[in-house]
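There are two complexes below, and they share subunit A, which is joined by subunit B in the first and by subunit C in the second.
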Partner chain A sequence: MVEYKEAALDDVFVALADPTRRAILARLAQADARVTDLAREFPISLNATSKHIRMLERAGLVQRTVLGREHLLTMEAAPLAEAAAWLAHYRQFWETSLASLDAFVTGRRAVARAKERK
Partner chain B sequence: MVEYKEAALDDVFVALADPTRRAILARLAQADARVTDLAREFPISLNATSKHIRMLERAGLVQRTVLGREHLLTMEAAPLAEAAAWLAHYRQFWETSLASLDAFVTGRRAVARAKERK
Partner chain C sequence: MKNATVPAPSLPAVLTVRRRIDAPADELFDAWLDPSALAQWMRPPGIERTEARLDAREGGAFEIVMHTADGPVHHSGVYRRIERPHRLVFTWVSPFTDAHETLVSVEFRADRGSTEVVVTHERLPAQWRADHEQGWAGALVQLEARATAR
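On to the complex of A and B.
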């Protein structure tokens, strides 16, 4: 079960590691689309579009419904919840590091203001 | 700025798309470590460990401090906040799809119970 989850997370993060695939997901979040619609809307070939879609399907992020000669694509957001849950374990760390950065910037500003006053 | 952010997100998602790299991050979240510590703790070669660490550094998730002959590694969680922010845009979608699944399962159970009663 743990190994299955790890492999599923690999596929989701790989699928998200490309700006075109992220843009395809954003597009499908607006409305379902056919493969040919996406190939027309994105500045890439039909072949490249198909490859990106296969990686999204592999991660379970896109579902394909074959209607005669049309392949309709739907976004499936559930695997993103797994990725978000993994990241959530680290929230305390980035909140701490962003708070430190904030304190550092505030401190530098105070020093700068103190210098201006001299 | 957008392109920079997109490229940074690519690096973060690529870095997270491997179970060993996720485990290295989880280890560094506990405490800083030397490259040799990680190579000893994980069932992979020193060379493989170094490669994984370089991918984590490239994504800004690990910082290396050279102290004489020792290379001390520290987790930097801030880039994870960017990845979490990207995923958060899709929260409404996965919450909807998980709610649909929940309703489906509840419905199936009700049908099963009704059949049992017959």
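On to the complex of A and C.
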């Protein structure tokens, strides 16, 4: 299960790495849309739009509901919460680490300067 | 509007943390590759003691064990780029990455006696892990692209 979840999280980060896919997600966060709506709203072909949507679907960020001939797209926020938790954990880890590196190196320099003065 | 509470579409794909430190770049750079120095400063809240073992050359491995009240937390990785005192790139595996390899690059930008230290941490897409050689080329091309885009 962990293996599967982690692979999914990697897909989330890959999906988020592209500005067009981020823009599509931002659009779907406002309201559900059809594939054809998105192709019209974004300056890319229907084919390119479909490819981006497939990557978002693979990451679990977008759900597709087929209603007759219409494909309705809905944003799914849950995988983003997981990605946000990963980012938050490491943001805190590196921020405290750099603060600690600062204290360690500048502290050592202060001691060295004090010794020189003696 | 069930998703309105998650500011999700603005989530970055890459994590960047920076800090300006009042010390020269070479001293800061060396603090990452000297095991006794690293063990002293890489001790986040809740960590009682850190042990570090490392082989400070490109392709060399490191192991950092952070001891908590609940037991040891193991971190490991391999140095990919060691460019003293400008840039350090290494892989990073920990329980928080669920044993998946992630990539950390640290840049040291000297500026009139002080140094801006920039840590960039990213997850490696699955296809990069599948083929290591090609994967690293891809990762570094991306790093270069990002560096030159600034």
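Methods note: the second predicted complex is superposed on the first by the 92 of 118 C-alpha atoms of A that agree within 3 Å, B and C clash if a C-alpha of one lies under 4 Å from a C-alpha of the other, contacts with A are read in each partner's own complex, and residues count from 1 in each chain.
Everything below uses one rule, namely that a contact is a pair of C-beta atoms (placed from the backbone, for glycine too) under 8 Å apart; a residue touches a chain by one contact, two chains touch by 3 or more.
Every value quoted in this text rests on a predicted model; they were computed, and no experiment measured them.
K.L.:
Could you tell me if A:36 is touching subunit B, subunit C, both of them or neither one (first, second, both, neither)?
P.N.:
neither
K.L.:
For A:103, using the defined touch cut-off, is the partner it touches subunit B, subunit C, both, or neither? Pick first, second, both or neither.
P.N.:
It touches subunit C, and subunit B stays clear.
K.L.:
Is A:19 touching anything from subunit B or subunit C once the two structures are fitted on A? First, second, both or neither.
P.N.:
first
K.L.:
More residues of subunit A are touched by which chain, subunit B or subunit C?
P.N.:
Result: the larger residue contact count on subunit A belongs to C.
K.L.:
Is A:45 in contact with subunit B, with subunit C, with both, or with neither (first, second, both, neither)?
P.N.:
neither
K.L.:
List the residues of subunit A that touch subunit B in one complex and subunit C in the other.
P.N.:
6-7, 9-10, 13-14, 16-17, 22, 25-26, 29, 75-77, 80-81, 83-84, 86-87, 89-91, 93-94, 96-98, 101
K.L.:
State the interface residues of subunit B toward subunit A in the complex, per the touch definition above.
P.N.:
Of all residues in subunit B, those touching subunit A are 6-7, 9-10, 13-14, 16-19, 22, 25-26, 29, 75-78, 80-81, 83-84, 86-91, 93-94, 96-98, 101.
K.L.:
Give every residue of subunit C touching subunit A within the complex, in rising order.
P.N.:
Against subunit A, the touching part of subunit C is residues 2-4, 6, 8-15, 17-19, 21-23, 27-28, 31, 37, 40-45, 96, 98, 100, 117, 119, 121-126.
K.L.:
Quick one: in the complex, what on subunit A touches subunit C?
P.N.:
Residue list for subunit A touching subunit C: 2, 5-7, 9-11, 13-14, 16-17, 22-23, 25-26, 29, 75-77, 80-81, 83-84, 86-87, 89-106, 109.
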